[in-house]
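Below: a set of structures, written as structure tokens.
Same chain, two partners: chain A is paired with chain B first, then with chain C.
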Partner chain A sequence: MNAMTESKGSTLVENPSVPTVSAGVAMKGDTVKVFYGAKEALHGVSLEIERNRVTSLIGPSGCGKSTFLRCLNRMNDTIEGCRVEGRITLDDDDIYDPSLDVVELRARVGMVFQKPNPFPKSIYENVAYGPKIHGMVHSKSELDEVVVSSLRRAGLFEEVKDRLNEPGTGLSGGQQQRLCIARAIATQPEVLLMDEPCSALDPIATAVIEELIDELRENFTIVIVTHSMQQAARVSQKTAFFHLGNLIEEGPTEQIFTNPVNKQTQDYIMGRIG
Partner chain B sequence: MVGYLFLAIVIFSIVAFFVGRAAGNRFVTTEGVTTHSLPGYHGAFVAVWVGVPAFVLVLLWLLFQGSVIDGLLFQSLPAAVTEGVTSAQRSLILSEIKNVAAGRIFAEPSPEIAAAAETLNRWQAIAGWAMVVVAVAVMLLALFVARSRLSPRFRARNGVERFMMVLMVFCSVVAILTTVGIIVSLLYESFEFFLLVPPHEFFFGLRWEPQIAIRADQVAGQGAFGAVPVFLGTLVIATIAMAVAVPIGLFTAIYLVEYASERVRSTVKPIMEILAGVPTVVYGFFAVLTVAPAIRNAGSLMGIATSPNSALAAGGVMGIMIIPFISSLSDDALRAVPRTMRDGSLAMGATRAETMTKVLLPSALPGIMGGILLALSRAIGETMIVVMAAGLIASLNINPLDSVTTVTVQIVTLLIGDTSFDNPKTLAAFALGLVLFLVTLGLNVIALTIVRKYREQYD
Partner chain C sequence: MSEAVQSISASITSDEAQARRRRRNAADTRLRLYGIGAISIAIGLLGILILTLAIGGYQAFVQTHIRIQFPISTENVDPENPSEGNYRNVVREGLAALLPPAESPAQQRAMDQILTNNTQFIVRNAVVANPSVIGGALTLEVPASDIFDQLNKGVVRRATPEQNRRVTDQQIAWFDALVEEGRVSTPFNWGLFFNADSRFPELAGLAGAITGSFYALLVCFLISFPVGIAAATYLEEFAPKNRWTDLIEVNINNLAAVPSIVFGLLGLAVFIQIFGLPRSAPLVGGMVLALMTLPTIIIVTRNALKAVPPSIREAAYGMGASPQQVILHHVLPLSLPGILTGTIIGLAQALGETAPLLLIGMNAFITSPPGGIMDASTALPTQIYIWADSPERGFVARTSAGILVLLGFLLIMNAIAVFLRQRLERRW
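Showing the complex of A and B:
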């Protein structure tokens, strides 16, 4: 991939901004296999991500849940020697199709990382980054509006409204993570991927983020990787259990946690493995 | 003889080591684990005691033997010879005695001198043997004392460790003291220079013609010590060098960090390091024999007057020389930006180019600036390339196709040939050196401060 020739479609601006009605499948993986060099890390995972739902991926470390998550916005492309087989679709378009631009894909599928990673810029600039690079705004006032509304939706605006020009790295850990969420939703993505977003945070900041995830569900489809089963139970409607590169079981969260079919799932949820 | 003495000290120390270790081994067999130090430490302790005092003693002896004998010898001369001589004459007389003593006789020496030469030879022989005897005595005494201190609970390890620490402190002090010595000598000679040439003339004068007569019979210019043209020439060449090196180095670093595959990187990086290892005199050849004629030919084809020693040739080649500095320091700075930063930007749908210009470069900017400043100080202080490829005549112009001279070139030419330390021509070199030193020191301090500040940012 040659980044110099990456182009950006103007389609992003006309993107249907927010799907309001929960309807069907947003993303779908079909026998997804991932190889790191010669090593197969994911052995054919098929999973549907439902629109306006929170899907949580759980499982012990190294089970492939983060790998699967990173396939959904092709962040695995940035890892040298990583190869993906199978088919992943976003609104029935194959995201690994050569005709699809990865830059556009990532604008539609946003991501929040394990460790808060605000850019060493001001709070305002952090949130304005996405809208600016995608040419989504045409005036300063429009940009202001996007920044304020994104911060508001991330539940951060009240805390930072007086210091938008101070560096984002000066915020507390929980605030930084909400800033990263605001940054991610500023480009109006359809799907928001979260890779253990609370693992670096204290319980209070975690509670704030979990509440936020529940609110964001109205406007976004969310996929969250988590190590905490309580968290998966609290925030998600659908849960998928991964083990050793396989998808063991998936289903409505309530069912997975109260009445799992598979023995391995049962053991993991009871705390016997993992 | 001195060589044998040093060899003897080494052998004595080795013997002392085995003596001490044997004692340590005995403690271990009789006392078992309650022995404080390992046998090797007992050995090292005795060896240090035997070797180091004797070694220091011999060094001091050699250092002071000459001047002590000189003093005694001069006093032993009859008053008729020593009456009212200046210190210069004194050293002349002494060196004559030494020449005679060594058998280098140019003319028949006076009887006093011949007698003194004989005395000198005798004293030197005595001093040599005395040194050997004293050194051996010190070693034997030390061996005895150190060996008698050994016991099972004796803290030989702590003693050896303390000695090693003192040794390390000494080594680090050597570098510091040398630097201080250089600064002091620069300051002193510069002060002498500024007594002869007023500072305002040196710093603001526009004419630089330092080739004045050192001896009365020399034909030379009147002399002018206005250093502005020299500073300007340095500035021109450094600017050309940076204009070549900064873009090339920076783009190389960006390519290697962000775009190059592992295979390209593993080829390009070692080649860049080879570039950094090329001796500057080879760059000098390249500048003078390849680049300068090429520029002159190109200039004459286009009908532009080009000097054979153009600033462009010297500066351009110097730029190539410092590319590896900038590229490798920028590479480090870009790589030090946490991966999460890069991932965060890419996950926003930024292209790699946007990630580079909007996130990575701003984050790495302090480190890159530090690298550029270090390269600049290197360019200003670089000597060999400009001595070979830049001009000698200081002219007040900034035309890169013309010949300019630099501070380093002038220092070299001022110190070649006749030198005399009461003459502004020679002393001017020290004043130039002082300015050069202060400028590069300042640049280095700024660069290192910036780099350090930046390092702390992600901790």
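Showing the complex of A and C:
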């Protein structure tokens, strides 16, 4: 409660490049610094994640984009010696507040990883896992419903409806990644984090996932880390460019790709660094 | 650039290069031959071991039996009280019907030696179990005594001069008469598995040792499996990486290398002297073996946990699972095949362990299988140790047979481990 009133009182300088037609801010990072041991990997990043939009984080390898993404659902907590400074809010609640339960946070901020990583269990069990451990369903029929609707939203249901009890690891790479998306959205998260979700997939599977991301935008706020600038241009409405642990530039995707303000951004877009 | 390529292609056809290639190929061949040689030596030694045991032990798997009809007269056995009868006389009458009458007490004693010393108890038990034979006759297959068993198997040679032989010419004549009548047979020796230890080799079996080993391994498993998994899980999943956990890790590895007799001394000093647990009990044996197995289980469990890909942990944490859920739902089930395999191999090691059991007194002479973990008992390796020390000829073969049985159990356990590994192992 205290955290909420404080954040309402705090005054963040509005970035002029953010369009005014925003549907509100889902998550907000304020001078986020990340340390791995003594090494500072992220030097004070402030970024707003807008609701029902796709925000893409781009930049060369080791620029801190994945690190920032993993701060948003506190996945960095699992890395030993990792320390986060600054303030990240979800709906104005400080997610690093000691009173906030990280389990609950991760139910609200789902994640899809670079390599498809379904559990070595059945397709059904994979999707049902989140609702089960968070006690979101009270009966088997309710669970069935959640599983089917999640698979449907992930565009996978038609392909797997006859083999829900077969292992999820038996699917193709693209199907596995959509299964992971279905698993992540089964808990009805507000925000969906995607860490290079297509880098292990072939172009056709990538196209399917990109289409899916566009559809999911209706119901979820999406943050995607990608190495592919074309992908960022195709799927996102907002783009943030990271370099060497700094947020260099952020803005509407169109503007970043056509008319970047910063020289470094321009160089990266043109393929001169990275 | 093209010049450089040309000079390289020139050099690989030169005499020098060809000589170098021949040397390299010869070195490869030599290395392969060393490997084949080493494996041949290992297989050869194993073959010699098994062959020696089989040659020495096969005789213990059969047992000379003599079929005799015992007249159960009411003079010897009171129908009211069959367990108190004069069965010594019953046995003598049974033999007397087949052989010429004894001319002297000495000859009578020599005749008594043909059948196992416990024949009267075997007959008594049969009569008590079936009292209707009193007044009639009872036909039984009775084990021959050790010396006649050895005579029948050719270990005691007829060519040996009589004064150097355990059996007299007279006894051989009696025995041959029984053979003549077709009363002597050598069936498979089930007694080896279903009898407990005995002073008489023809009756001694491994039932007590097998039961004792089973109870000891059960205790060992019940202690070391949960403790080992809990310790390994904590060290692998929760413990911070600092000097203390390094120290613990080094010491666990050291513990695995401690000679087993030290654990036996510890068991004697702590479990028996301080805790006052009974001597020779499978409970104490199992506890000592658990101390030995624990480091093995901790090490294999940690390796199995390490082998679970981090992506699975990430996926589960990303779904909002708590550490306990991540471990119980995902990591442990995935590493279970590895853990089980390692545990079985650890238990197989414990099954063959002798020294600590000697120190806690599991090498006692005990003639009945233990009824529970608190009863005095032997174990398979200590039983072999006892038999190897016994002077009777029959125990020589039984020692080898005991070793073969122990090896058989080890083989079965290792086969189960291999089966589990192949069956349950998951490929990523």
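To be clear about the criterion, the second predicted complex is superposed on the first by the 252 of 274 C-alpha atoms of A that agree within 3 Å, B and C clash if a C-alpha of one lies under 4 Å from a C-alpha of the other, contacts with A are read in each partner's own complex, and residues count from 1 in each chain.
Methods note: contacts are C-beta pairs under 8 Å (C-beta built on N, C-alpha and C of every residue); 3 or more make two chains touch, one makes a residue touch a chain.
Computed from a prediction, not measured in an experiment: that's the story for all the values here.
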item	value
Clash-or-fit label for the pair chain B, chain C on chain A	clash
Which superposed partner A:73 touches (first chain B, second chain C, both, neither)	both
Touched partner set for A:89, first chain B, second chain C, both or neither	neither
Which superposed partner A:255 touches (first chain B, second chain C, both, neither)	neither
Touched partner set for A:237, first chain B, second chain C, both or neither	neither
Contacts of A:120 with chain B and chain C, given as first, second, both or neither	both
Touching partner for A:103 - first (chain B), second (chain C), both, neither	both
On chain A, the residue positions that both chain B and chain C contact, one per complex	73, 75, 78, 80, 103-107, 110-111, 113, 115, 117-120, 129-130, 133-134, 180, 183-184, 187
Touch list for chain B against partner chain A, complex	258-259, 261-262, 338, 340-354, 358-359, 362-363, 457
Of all residues in chain A, those that touch chain C in their complex	73, 75, 78, 80, 102-107, 110-111, 113, 115, 117-120, 129-130, 133-134, 180, 183-184, 187
Complex contacts: residues of chain C adjacent to chain A	240-241, 309, 311-322, 325, 329-330, 334, 426
Chain B-facing residues of chain A, complex	3-4, 6, 8, 73, 75, 78, 80, 103-107, 110-111, 113, 115, 117-121, 129-130, 133-134, 180, 183-184, 187
